[in-house]
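See the structures that follow.
One chain, subunit A, appears in both complexes that follow, with subunit B as partner in the first and subunit C in the second.
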Partner chain A sequence: MTPIQMTFSTMFLLGLMGLTFHRTHLLSALLCLESMMLSLFLATSLWALQLSTINIATVPMLLLAFSACEASSGLALLVATARTHGSDHMQNLNLLQC
Partner chain B sequence: MNPYLLIVLLTSLGLGTALTLSSTHWLLAWLGLEVGTLAILPLMAQRHHPRATEAATKYFIVQATAAATLLFAAFNNAWLQGHSDIQHMSHPLFTSMITLALLLKLGLAPMHTWMPQVIQGVSLNTGLIVSTWQKIAPFILLLQIKQIHPPLLTIIGLASILIGGWGGLNQTQLRKILAYSSIAHLGWILLILQHSTALATYALLIYIFMTSATFITLKKCKATTINMLTTTWTKAPTITLVAPLMLLSLGGLPPLSGFAPKWFILQELTQLNFIPHASIAAMAALLSLSYYLRLSYSITLSLSPNNLPECLQWRVNYPISTPLSSALPAALALTLFLLPLTPSALTLII
Partner chain C sequence: MSYLVCVLLFGLMVGSVGVAWNPSPYFAAMGLVMVSGVGCGVLICFGGSFLPLVFFLIYLGGMMVVFAFSAALSAEPYPYGWGNRSVKMYVAAYVLGVGCAWKVLLGKWSGFWGGILDESGELLVLRGDMMGVAAMHDVAGWMLVLGGLGLLLTLFVVLELVRGVSRGGLRTV
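And now, the complex of A and B:
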């Protein structure tokens, strides 16, 4: 595995672990989601540079556009959660327990 | 909801699934999945109720994580392989990672904990969309991936059938029961996915018909708990007649159409000599059957413990039709009477 691949894999996996194991605030989960998307953006940009083709050079931009949409909807849900539950503490999201 | 907004959101939902179905590149597949996720979030959160907001938030986090993991594994695989075709993936680790991400999107065990919560928190119509339409796109992607590690699919399939059966036993909320039934049915589909994609597609199709019929029936009865089902006989006697048959079809009893997928899956598994898998799946189907029988008992075979004159409604709201109720006869017919047509139905798919 090349050093580049190792680097962005580590970045992604760190973000994924942060998303999974943060138990206090919803905002930290959203931040880790953003860091995962950022690592994917870096990966595709480096991939386009390495292969020196222009076919895949637009992939980072598409990725960025859709991850921005996703982030904004995540923040809208954060605001909605703060309105209905009072804060973004994950412990308050317990209304739907089995 | 504003009708223009509703049209835009439903069109985006259809567009998302269509994009995923027509893609050969992983980026376009991911785009379609993301569009579908973003389009359903306003539908889920439209009621501004704390449970609806919580369900929308949990759904969003789960689907976004699964989509990001999918894209990560796809790009890693493309880096190592040179091309990003869906149908020609070769690296085993990243194939497994993509499979796990798609199974998280579908809500299969052991990644199923969000499903009952999300379907409980949203309205019945939106729960219908989440249970049926949102399963199509990840399932089609799963069909196209070759060389998935076979024990992975088998273990997750059997675990889903078992957890879908056991989880629904202690529930009184109908939407949670339907979520666990969805987990169980998707486990059956997963068992046969690696051996026969045609049977998996057929099983998914029958599952969609049965689940749609159930959700629309519950919407018509305006029932969300088992207690609310007991007064169905005063509101809609025809539904009281037909609902047990529909639930038994979900449980997989002949001569109803829910029997056909289970029959063919068990036949295929025994022909390929997977006897323990077939036995465990067949016996775990009994767990699901027990809560379907409980629901049909409360609809048809028992009276609610009230005074008899108090039960009967003498002011009925006309019309009692919701926007989806025109689809109920079609869904019910497909749920109940499709078994004799199975040979011709299979020739359409195989």
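And now, the complex of A and C:
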């Protein structure tokens, strides 16, 4: 594997691990999700630049647009959590716990 | 030039470890700012001109600003810092894991991986990625319309999620 592919693959896996093992705040999980999206943007941009397939350059732009949708939905959920539970601590989200 | 790319890739890795194991969301946002700045540099090193600019303006200037002021919702009086004992242990574990993965999987790579591929051989004003993004308005016009409709839908989703009183996503407190 070349170092560049290794870099953005590792960035994606690190963000995924941060999302899985987040400890206290919901916002930390959302920021790890953003880092995953960032690694995908880098990967598709480097695809367009390195292989000179310039039509693929539309993919990072559309990826950015849809990830803005996802980030705003996540932040709306964060605001809703902060308004009902008082903070965004993950241990307060226990309505489904038996 | 390939040494510069190496340094920037190292900066990407350091920032990603910082985001993945953050003591507090403030430091995760700072790590994301660093990663996007360094990623912009990587794209510039590979010949991109428009995509790094989009990255800085839209991602950093648009989305990160919103995350930065949303961090006020997760405010604590005494947030953890990087020097906290549990944080240091986990960051060391992540760095060791990444180092072992690199040693095992990279091995001996061959080929010219750090150079810029430039087909025309002359200095052009209109670079490749700018032409690719222009294709989004020309050939992929319907995808642009779909993206705009998706963003409009997201606006209504967000408004419904934070609506209070009777019909919304918030319980009455």
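As a working rule, the second predicted complex is superposed on the first by the 97 of 98 C-alpha atoms of A that agree within 3 Å, B and C clash if a C-alpha of one lies under 4 Å from a C-alpha of the other, contacts with A are read in each partner's own complex, and residues count from 1 in each chain.
Throughout what follows, a contact is a pair of C-beta atoms (placed from the backbone, for glycine too) under 8 Å apart; a residue touches a chain by one contact, two chains touch by 3 or more.
Remember, it's a predicted structure, so these values are computed and weren't measured experimentally.
Participant: With the two complexes superposed on chain A, say which partner A:L26 touches: subunit B (first), subunit C (second), both, or neither.
Facilitator: Touch status of A:L26: both partners.
Participant: Figure out whether A:G18 sits in contact with subunit B (first) or subunit C (second), or with both, or with neither.
Facilitator: second
Participant: A:F66 contacts which: subunit B (first), subunit C (second), both, neither?
Facilitator: both
Participant: Classify the contacts of A:L75 with the two partner chains as first (subunit B alone), second (subunit C alone), both, or neither.
Facilitator: second
Participant: One more residue to check, A:L93. First (subunit B), second (subunit C), both or neither?
Facilitator: The answer is first: A:L93 touches subunit B but not subunit C.
Participant: Mind working out whether A:L40 is in touch with subunit B, subunit C, both or neither, as first, second, both or neither?
Facilitator: Only subunit B is touched by A:L40; subunit C is not.
Participant: For the three-chain arrangement built by superposition, which of subunit B and subunit C touches the greater number of subunit A residues?
Facilitator: C
Participant: Identify the partner contact of A:T84: answer first if only subunit B is touched, second if only subunit C is, both if each is, neither if none is.
Facilitator: In the superposed model, A:T84 contacts both subunit B and subunit C.
Participant: Can you pull the subunit A residues that subunit B and subunit C both touch?
Facilitator: Dual-contact residues (subunit A): 26, 39, 62, 66, 69, 73, 77-78, 80, 83-84.
Participant: What residues of subunit A sit close enough to touch subunit C in their complex?
Facilitator: 1-4, 6-8, 10-11, 14-15, 17-18, 25-28, 30-32, 34-35, 38-39, 41-42, 45-46, 48-52, 54-58, 60-62, 64-69, 71-73, 75-80, 82-84, 87-88
Participant: Tell me, which parts of subunit A touch subunit B in their complex?
Facilitator: Contacts found on subunit A: 5, 9, 12, 16, 19-20, 26, 29, 33, 36-37, 39-40, 43-44, 47, 59, 62-63, 66, 69-70, 73-74, 77-78, 80-81, 83-85, 93, 95-98.
Participant: Given the complex with subunit A, which residues does subunit C contribute to the contact?
Facilitator: Per the touch definition, subunit C meets subunit A at residues 5-6, 9, 12-13, 16-17, 19-22, 24-25, 28-29, 31-32, 35-36, 39, 42-43, 46-48, 50-51, 54-55, 58-59, 62-63, 66-67, 70-71, 73-74, 94, 98, 101-102, 105-106, 109, 111, 113, 117, 119, 128-129, 131-133, 135-136, 139-140, 143, 147, 150-151, 153-154, 157-158, 161-162, 164, 169-171, 173.
Participant: Could you pull out which subunit B residues touch subunit A in their complex?
Facilitator: Subunit B reaches subunit A through residues 27, 30-31, 34, 37-38, 41, 45, 48-51, 53-58, 60-61, 64-65, 68-69, 71-72, 75-76, 78-79, 116-118, 120-121, 167, 171, 176.
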